[in-house]
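Across the two complexes that follow, chain A remains constant while its partner is chain B and subsequently chain C.
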Partner chain A sequence: MTGISLNAVSKRFGATDVVRDVSLDVAGGEFVSLLGPSGCGKTTLLRMIAGLETVTAGEICMGGETIQHLSPSARNIAMVFQSYALYPHKTVFENVAFPLLMQQSMVLRLPWLRHLVPNRHRVDAEIAARVDPVCHLLGIDHLTARKPAQLSGGQRQRVALARAMVREPKLFLMDEPLSNLDAKLRAATRAEIIDLHRRLGVTFLYVTHDQGEAMTMSSRIVLLNEGRIQQVGTPLDLYNDPANLFVAEFIGLPKINVLDLHADGKEGRIDGIVLREMPSEIDGVPTPRGAQLHVGLRPEALQLCSEDHPHAMSGPVHIIEHLGNEAILRVSKDAKDICIRVQPEQAIGLSPGRTVSFRPAWERALLFDANGSRLRATRLRAAA
Partner chain B sequence: MSSIENISSPPRGHSVAAESSDRAPILANAAYLIPAIVALLAFFILPTFVTIGLSFTDWRLGARSLSFVGLDNYRDLLASGAFNDTLWNTLKLNLFVIPTSFLTALLLALAIHSQTRLAAFWQTVFFLPVTSTLVAMAIVWQWVLHPQVGMAAWVLRQLGLNPINWLNDPDLVLYTIGFISMWQLVGYYMVLFLAGLLAIPRHLYEAAQMDGARSGLDRFVHVTWPMLGPTALFVLIITIIKSLQIFDVVRVLTKGGPNGASEIILHTLYQEGFIYFRTGIAAAIATLFFLVMLALTLYQMRVFDRRVHYS
Partner chain C sequence: MRLRNILVNLALAAGGIVMLLPFVWMLSLSLKPENEIFTPDIAFLPREWDFANYVEAWTVGYAGTFVINGIVVTLGILVLQYLTIVPAAYVLARKRFQLRGLIMSTVLAVLLIPPQVTAIPVYMMLAEARLLDTYAALIIPFATSAFGIFLLRQSFKTVPQDLIDAARMDGASEVYTLWFVVVPQVFPALAAFGIFSVVTHWNDFFWPLLVVTSIERATPPLGISIFASSEGGTEVGAMMATATLIVMPLVIAFLIARRRFVEGVTLSGIKG
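Moving on to the complex of A and B:
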């Protein structure tokens, strides 16, 4: 199994740095997602690995060898495009067989001249023997005579997968392959891709902007923003232990609540609540009086309480989302929406406009400095 | 309003009124069509039938009487050695012009499409002749090709070769005419091809690269050419029509000479109709020409439509 490693890879289009100094090691057989908002450079990074973009600086290695000078076809990497990029004039069979056809001699690759080659029947039979099982595996064997225009979105997606799989590449690249499917099909295909990865055992690099997709599918997530890696880790690492405010806000749905905290020596204040054991220094510099920090609280780190609780905050309920197994309350507070995840029965009887009281589970709070960097050493504790 | 009511109730005054109010818009609609129908009849359909009708007569332009001669005009034409030479010349000219201009336009379009910086410049350069008047340009060509003072002769002399009499050599004249006609129209076909090339999604080429299409030939054969199918069919039809319509270069430069070596069907038609005023013969030529064009177009549509992929 071949992994891939990036060493200080950068990409510049004109004056714009699209990918900056990205270093990453992906072990063989891993399923790694490149996650980030649009324009973060994740697709460019994938295209550089594929060989469709040149590398401005840095090195890309596969199986210990530098590959950035190789042409895309010489890298033995398969890619599934967002638009699927099926050849509209070829049948499903011809589409899937195309990568195998391209491995044949020059004459066999030409549509008309290939009829002159005496052993073409044997070659075609060999190709069919490799195409058929792949089509069968993906459940498209009854569609092989059709053209892509006669297929549904989900079927096209499978053809694209089959075409990528057929030549048994060392690395699979996928560029948002599910974004053109409807929600239900997306969930089903997600499971199929996970299954496929397990069965093939090769390395998958998967680009997506959907944190849910990345969380459910990957063994590790690479979160990118503005061309830089923000954090690399397992889905739960990124959720529970984000490296900075961007990661904390990008991962998790509904989004993490961010409250402003005024640090005042060893104490801090949020909305009149005094917090103790504030960091006395940040990056080796003593915390100035009145420094602005951020506290991140996941929706499940807030709970409803009675209004006379010493650390209760309150605000009017703005929206109630009943999800069946849980409910999300959106409470207006200081012009912000605070999300609280509650049990479904707690939301029964609540109506928009009613004021509710809630309190944070401080031990689950995440603290960030004014620049958004995580302050890991500190555990917040409310003063009694 | 309700259709059930209409069906169940016997047809009395109510439904009669409905019928007459149904008929009124039909008449009104027909009235709106009259100008278009009249124009079509007057300018397209009637002239066609008049021409076909005249081809069975011995009418001369301006004559007060005419008599019906049956198929005599056609018989005379097909029996005449000169007209057979004309047909043969026309065929040779078209067999030269159609494939060369089609292929040249395709190659130019591919070359320009692969350029990034100078694409617009080359596009303009090759499109320029399309915008010019061929009659005026023919005079420039006459000078360029002049066997003594022409630029072509000068270039040949510099290379130590004998000047060639491009327009007076019976073996060459058709190809010279063909080249000038091609020069004028190839830019137009090229622009059509470029539009077709621009419409091919970029990701198909990228997918082909990922799938192992190493050479430009692979990408052309498996992506460009099939995706260009509808454009190529259109360009081919236009090329054939335009090529069969070549007339002005011949009229201005050679008038069918030397000794009928560049006599082509449209020029013969012009001579018969407007120099010798033998309208009946000219009409017979026009009818033959029309039939050939019609057959060709129908055949093209049938054959190529089945083979071309429209996504």
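Moving on to the complex of A and C:
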């Protein structure tokens, strides 16, 4: 199994830096998602690995050898495009067979002239012998005579996967392959891609802007913003232990609540509300004094409480989302929208407009400095 | 509503008759024996059907030669045009290079120049190369087309980049990708251009008149004109038969490809 490593890779289009100094090691057989908002450089990064874009600086290695100078097809990498990019004038079979046909001699590639080649039937049979099992595996063997226009979105997606698989590449690149599918199909295809990865055992690099997709599918996530890696880690690492405010806000649905915290000895103020008896330690860090900080509280890190609790904040509920196994309360506080995840029975009897009191569960709070960097115990100790 | 329909249809029919009348007259004359042609009254149907004019046009005249010349010249031009405009349009549509803006402007500027302007220099070049009165003289000056480059460039711009990238990933060379992946996507534009090119050059009179002197190399319109002047305008029946034979290939082609033709006109209306 071949992995891929990026060493300080950068890409510049004119005066804009699209990808800045990205270093990353992906082990063979891993499923790694490149996640980030649109314009963060994730697709450009993928296209550089594919060889469709040149690298401005840095090095891309596969199996220990640098591959920048190789043409896209020589890298033995397959890519599934967001639009699937099936050849509209070719049948499903011809689409899947195309990468194999391109490995043949020049004459055999030409539409009419190939009929002059004597060993054409043998070559065609060899190609069919590789195309058919792949089509069978993906359940498209009854569609091979059709043109892409006659297929549904899900079927087109499978054809695109088949075309990528047929060459038996060492690395699969996928550029938001699920974004053109409807919600139900997306969930099913997600599971199929995970299954496919397990069965093929090769390395997958998967680009998405959907954090839920990245969380459920990948063994590791690379979160990018403005061309820079924000954090690399397992889905739970990113959720529980975000490196900065951007990561904390990008991962998790509903979004994390971010409140301004000004701690001052025993007293603290969150968004101007005075909290008495502040805990001596938040997020494993001794509560710093006099600093302007941000505290990140995931919806489950807020609890309903009585209004006389020393850390109680309050606001009117404006939306109640009953999800069955849990309920999400959206509470207006000043201009902010606070999300609280509660047990379903706690939401019974609440109605929009009722004022509720809630408090942070400090043991689950995340602490960030004014610039949005995470305040970590280790880092503080190292500084001290 | 019905009255309006009737009026509209009448108006269209009147227009149709005005346009078709010369053709009907041509057909009618070509089928009449000589003594029926110059008569004071008008009769569309010949009293006596006579195909001798066609026999004469084909055997004594050069109708067959004209048609063959027409086919050789128009197809020769078309093939060369496809070979030149496809790569040119692709590069202008898809590649970024320094002189692209300038080259594109040049192509647009060439669209504005009538062929008569360059006729004399081109004629002299052909004369220098001793190519006058050959097929080459009829074909080479039209080996490329600014209109074609422009029309096709607009179509190439609509082909998704992903398709080209996918072909690159699959191992297709750039030339292969262009001809066997990209070109099939713009087939309607190519067909539209082909129709315009064939019609234009089949009917072209000006250029053949300049570079062709012998009747053996004459294209259809020039052929009719040479035929007419050499006969002194007396053999009207044979002339009309020649004209009919010459018009036929285009009319038949039009009837076969009527849908495409209309599509082509609409397409060039939007994109050209």
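To be clear about the criterion, the second predicted complex is superposed on the first by the 352 of 384 C-alpha atoms of A that agree within 3 Å, B and C clash if a C-alpha of one lies under 4 Å from a C-alpha of the other, contacts with A are read in each partner's own complex, and residues count from 1 in each chain.
Quick note on the criterion: contacts are C-beta pairs under 8 Å (C-beta built on N, C-alpha and C of every residue); 3 or more make two chains touch, one makes a residue touch a chain.
Quick caveat, the model's predicted, so the values are computed rather than measured.
Judged by the touch definition given at the top, the superposed model places A:M102 against both chain B and chain C. Legend: residue contacts after superposition of the two complexes on their common chain; A:A149 is shown touching chain B, with no touch to chain C. Of the two partner chains placed by superposition, chain B and chain C are both touched by A:F81.
When the two structures are aligned on the shared chain, A:P72 is found in touch with chain B and with chain C.
With the contact threshold set out at the top, residues 50-52, 71-73, 77-79, 81, 83, 85-89, 98-99, 102-103, 109, 111, 163, 167 of chain A are in contact with chain B in one structure and with chain C in the other.
Only residues 50-52, 71-74, 77-79, 81, 83, 85-90, 98-99, 102-103, 109-111, 147, 149, 163, 167 of chain A touch chain B when the two sit together in their complex.
On the chain A side of its complex with chain C, the touching residues are 47, 50-52, 71-73, 77-79, 81-89, 98-99, 102-103, 109, 111, 163, 167. Those residues of chain B that touch chain A in the shared complex are 201, 203-204, 206-214, 217-218, 221-223, 226-227, 229, 309, 311.
Here chain C touches chain A in the complex through residues 160, 162-163, 165-172, 176, 180-181, 184-185, going by the rule given at the top.
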